[in-house]
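Chain nomenclature is as follows: A, B, C and D, assigned in order of appearance, with residue numbering initiated at 1 for each chain independently.
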Amino acid sequence: MSELDLGFMGEVANTPRGKGVLLCIQCGRCSSSCPVARLTSEHNPRRLMEMVIMGFKSEVLPHQLPWYCLSCFTCLDRCPQGGDVGEVMFALRNLAVRQGNIPAGVAGQAKALYETGRVINPVRTALDKRESLGLGKITADGLEEVQKILKKTGMEKIIQSK
Amino acid sequence: MVKNMKYAFFLGCLIPARELSYEVSVRKVLPELGIELVDMKGANCCAPFSIQSVDYASWLALAARDLCLAEEMGLDIMTLCNDCYESLLMVNTILKRNPELKEQVNQLLSEVGKEYKGKVDVKNLVDVLYGDVGVSKVKSAIKEPINGLKVGTQPGCHLTKPKRIHFELLRGFNDLDALVQATGAESIPYERKEMCCGGPLRDINDDLARQVSRQKLMALKDAEVQAVVTVCPFCFLQLDLGQLEIKRHFSEEFNLPVIHFIELLRMGMGMKLEDWEIKAHRIPITELLKNRL
Amino acid sequence: MGEEEPRIGVFICHCGVNIGGVVNVPEVVKYAKTLPNVAYSEDNIYTCSEAGLASIKEAVKKHSLNRVIVASCTPRTHEPLFRSACREAGLNHYLFEMANIREQCSWVHAHQHERATKKAKDIVRMAVARASWLTPLEEPELEIKDTSLVIGGGIAGMTAALTLANQGFKVYLVEKEPELGGNVRRLHMLYPTMQDTKELLEPAIKAVTTNKYIETLPSTMVADAKGYVGNFKVTLDKKGEKREIEVGTIIVACGAMNYTPPKGLYQYGVYPNIVTQLEMDELLRNGKIEKAPERVVMIQCVGARKGEIRALDLAGFPKSDTARLLAKILKAKKEEGWPYCSKICCMNAIKNAILVKDRFPETDVTILYGDVRVYKEYEDFYSMAREKQVKFVKHIEEVTPEITQGPEGKLTVMAYDALSGREMRLPCDWVVLSTPMIPHKEEVILARMLKIPISSDGFLMEAHVKLRPVDTQMDGIFLAGVASGPKDVPESIISAKAAAARAAILMANKKMRTEALTSVVDEEQCIGCGLCEEICSYGAHYLEEGKSHTIAALCRGCGACAAECPRRAITMQHFTDEQVLAQIKAGLTEEA
Amino acid sequence: MNGKAVLVVGGGISGIQASLDLASRGYKVYLVEKSPSIGGRMAQLDKTFPTMDCSMCILAPKMIDCSHHHNVQLLTYSEVKGVKGSPGNFVVTVLRKPKFVDETKCTGCGICADHCPIEVPNEFDEKLGMRKAIYMPFPQAVPRAMTVDKENCIECGLCQKMCQAGAVDLKQQPQETELNVGAIIVSIGFDLFDPAQIPTYGYGRYKNVLTALELERLLCASGPTGGHLIRPSDGKIPRKIAFIQCVGSRDRRFGTTYCSSICCKYSVKDAVLIREHEPNTTVSIFYIDLRAFGKGFQEFVNRAKSEYGVRFIRSSPGEIMEDPATKNLTIWYEDTVAGRIENAAFDLVVLCPALVPRTDAKELAKVLGAGVDDYGFFQASNILTNPVDTTVPGIFACGYCLGPKTGDIPDSIMQGSATAARVAEVLERE
């Protein structure tokens, strides 16, 4: 039995995308609508909200739980309380990242973003193909500004720490 | 009234890197319908969901920077990818409604000499075709109707959800179907149309991502459609490439061709696909469209 | 039998398909016509409809009927209607008889059409036999005194008193405590407006005490009550000083009390910082919680929604010793808890949670619930609490939360979170128990005195739980506030106003007629044994000069005295031996 | 009779109670009702908890009392169009819509309806049954007179020809009447939230998804199926039935954030009735919080569980899907206590929609100058101390038009009596 964190719900609720957790009445419309929850018992957005409310911080943040969400926003449409479960997931992932819990795929995209200004970059053959089709060049015109912004927001640090 | 048919064209990351055929078709078809596309020089990644998961402020600032570029161009944005669309649209909506947040974001942007003013709108390919061009004009542009083809459409989550954002803009769930019908093809209703393709779980839990796609494909198969029509390049990738992966992992074969909507429209307008474009589909479309290719 | 030959009209109702779908109604009509003294018979789709009633009136005139029988549903709901139709046709309404062929026939034999039809004929035959013996009766007219007694000076009692006084009726307002205000006095603030209770009470008390029509009698109990609707004689007792008043109506607003758990239940009374919501309210009001607690845990439904009271225990209402019986049940319930939902505890807990949060924003307030029953707009109050970061946790109620005390007096609640399936350890500084509102002893004594039955939950019973929620089975006595079950302030006020409205009807009319269905003592036969006085639950018999007499206004026509009388000196009007025996005989006779 | 008059708007149970209390107290009462008959929602119900009395059977005597009472004047098929004046002296304009039938002549025999060639869905039966263009909404209607529904009437004149009482008058004109009253009571009741607004539940698309009020009509012996519980798609007896709570209630998306207060309770009642009707039919109730407050309800829930085997599942389902071939329904839900996401097939699904203000509540409020609350219900002048006063002196409200003030029948009756008390307080003071 893990120790409950008294302030976890407040911590989540105080983030820009996490306020919805306070609206949750645990009705289960999100979980029964969630395409992932229907496939695996590991993911259950309703239970995740309950764990946040109760303060099971150590069971939520270091694990894969918030990363199962597809962000398909079905729950946002169906939540009768406007609890924005899918949005709260972003709040949880933001907090998880700050604890160092970031899946490799996401970390890779973030890194690419910082280094190139884009999360996906073309391979050599694609570049050649573009040229042969007369499509415009992919430039890095905005990169410098992107890096400045990411430094300012502190995301650069997160990227470098990985 | 003549609508402003000129857009700042936001390509995003995935399309220019991996789905050139989509880009080519858009560049061929839209001018024919009177849409002028102006490339956005210096645009950065929209900050999709993966980036939003890392940091909130970075998302707002990066998307706002793209919006600033469009403001400088004096044009509304048109996106192809649903991820780009939702990201830019949400930030645009949030910042327009929240002056305090706008102030904070502008503080970040001042670092790079930009200021978000909230003067442009964000649209998607479907919005532009449905709202600006109009179904009737699309229909009249069809020279070789795709008669007899039964398709299931995949508008993709972020074209329609959350409803409170999209419905306010009067952008509906059935816009894509109306456009598909205009090409002569038949849009068959199927269960779980609103369901996600599974793509966002790629690289996080590939197995689950495939299982979600599989559910979607099974529903499409049950409705006896001949092909899936997508708008979002991620949906396309997940459902097209995904079928090969499902075959590998579940030994289950759907053989359901996946087509970008713009390709359907292009063929209907009498512009044939080129060989490399046909081959860009991992599930072959040659059998299905043999008379048109 | 009356002087003229009986001419009976029999009206048989289809009740849509309720009866007509099972019983062959036309056949019963045909059969009825063959019975002795039946002059006319017909069927109606709905005899209770305006058309049906018009048809009865027409037939009475056209066929010179002097008895009317309607074979349809239950007299409980429909007899008054048909009786008034008879009256309008110029017939004494005691010459009307009802045969129930729905509840007692078509509904219970829905799949046996033929046998149901035969039974319907039997029932009609019995009614016809009885009807031949019916005699016209006159209903006594009673004077109604236009003064009222309101028992209980809480918010409901004060509201009822003011409502009557505002209409110009003299009201005696009796309160056992030295001050008015009742349960609300003990509260700090009222949900959902978070209004100070003083703002509610002070104007009300002032309005009551300055009203020239209201005589407020604090520190006073009702010692005895006699009489009947319109003419109650009540003895009041103010610390031994007795006084008798006469009133026309009585409104019982005697309130209820908060359940205090027995020592040891949820460690109540064992550890100091375990209190009820009411006690927490007082602590907050008096600023007794000085240091910000780290966490406050509230537990809902302590002693509520638990245990079973069998309705049988209270059925009947025997005169013998209701108070003792009830005391026994009350005691039993204290151990087991009360079976009902007390309705207001969820909002009360939320109110206190908000008060704690407002005072100590950093304090964690966790409410363990089974169901959050924040009905009506209180849902918004619940949302408000959640937005203030009060935590609501559905715990597995079957597992009683375990409360232990640590070294520095710190409490720990162990419970199961039903919705995450995890065991929770909740260290806390306070445990607050939400306990139900329960009936109190005075209520039981009053019930006995006023002869009002008690429902299975221990509260005073309404005349009809659905249709007559503030009336009692005793004419002229009404219920207001929580005496009939848990209510919050606005609900109590509404019920008090409703009770006042019902009482005002009687007093404004200044007189009323009562049932003629009463017992009559044949003084020649009576030996003055007093058995009837003893058996009567309503106090309708008294002995004078060695003979029993009936107070018609109190007699409910139950017939217990007639059955008990060793000399057969008591006759129940409208249920005479001749009438009943004729009916039974007809029942035992085979269909002709 | 003390010569003072009161207007009661809305002839449901609370309006009826207010009217009877006032009339018995000696006031002249004008009872205005929009539809052809008084009776309101209670008339539509099958049985009432906990006595399981047939709702109509206990209501009908009160309705008839109203029509017989020498102090009550019924103005059915009528609407309030204007109000002037002040407490003690209101002048009210009432529009009497033409019934095209002379109420004083009509005996309600129904021969006209037998011959009317036009059939339309009956609103009283929640459109599950049919009525004619000349009709009586239900057999126990008060006043017992026919009404011509001019929107659907083809003016063939058959009704006029068949009526032996000469009551049909197709040329009847609307009439405006002015009433002088001392006080006004509003008791116009509620409407149901349209469940089609929650598309994932398929109401309106799936034939076997019903509202609870539609179910009441199906269970009622005088309903469109004669009390046979059959499902609309194929007339078969449903063997698995589900109730879904909070359809539109407790929902911020539609502004209906309140709890409708009655759905949990009537669902348990309906479940028990169904089990008594069809012992081989199972019933599951999907709920969020089971709000069985009020006298006797918790005990009733316990009995429903133990004696009747009704299943209670703590869950608000995400969606319902229909099998196009069998029209059976699959509910996707999470048993939140077990933490399992499941789907289960049902033959019939009953949605319990939120109770919302009447569509014309705002208009009436405007005519009266009375305030409405955030939801559109009539606003009480002080929810604690004056719960049945509107914001206008001399105008009172009772029943569900005040919002879900616990809302069930006894509460509506208490409020009806309470408004009668308030009226007397105001009128006697002068």
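Quick note on the criterion: a residue touches a chain if its C-beta (ideal position, glycine included) is under 8 Å from a C-beta of that chain, and two chains touch if they have at least 3 such contacts.
None of the values given here were measured: they were computed from a predicted structure.
Set side by side, A-D and C-D show the greater C-beta contact count at C-D.
Comparing the centres of all chains, each the average of its CA atoms, the largest separation from subunit A belongs to C.
When each chain is reduced to the mean of its CA atoms, the one lying nearest the mean of all protein CA atoms is D.
One finds 66 Å separating the Cα centroids of subunit B and subunit C. Remark: subunit B and subunit D have CA centroids separated by 48 Å (rounded to whole angstrom).
Centroid to centroid, with C-alpha atoms defining each point, subunit C and subunit D lie 25 Å apart. Shared contact sites, meaning residues of subunit C that touch two or more other chains, fall at 372, 383, 394, 419-421. The set of subunit A residues touching two or more other chains comprises 23, 25-26, 38, 46-47, 81. For subunit D, the set of residues that touch two or more other chains comprises 250, 253, 289, 314, 336, 339. Pairwise chain contacts in this structure: A-B, A-C, A-D, C-D. On the subunit C side of its complex with subunit D, the touching residues are 16-18, 21, 45-46, 48-51, 53-54, 73-74, 77-78, 80-81, 84, 163, 166-168, 190, 192-193, 195, 200, 305, 308, 339-341, 343, 371-380, 383, 394, 418-421, 455-457, 459, 462, 464-470, 484-485, 489-491, 493-495, 497-502, 504-505, 508-509. On the side of subunit A, the complex with subunit D involves touching residues 23, 25-34, 37-38, 41, 44, 46-47, 78, 80-82. On the subunit A side of its complex with subunit B, the touching residues are 15-17, 35-36, 38-40, 64, 67-74, 76-77, 86, 90, 93-94, 97, 102-106, 108-110, 113, 117-123, 126, 129-130, 133, 135-136, 138-139, 141-143, 145-146, 148-150, 152-155, 158. Interface residues of subunit D facing subunit A in the complex, by the touch rule stated above, are 200, 246, 250-253, 288-289, 314-319, 332-336, 339-341. Of all the residues in subunit B, the ones that touch subunit A in their complex are 13-14, 16-18, 20, 23-24, 27, 39, 41-45, 47-58, 61-62, 65, 101, 108-109, 111-112, 114, 157-158, 161-164, 192, 194-196, 198, 200-205, 208, 211-212, 215, 276.
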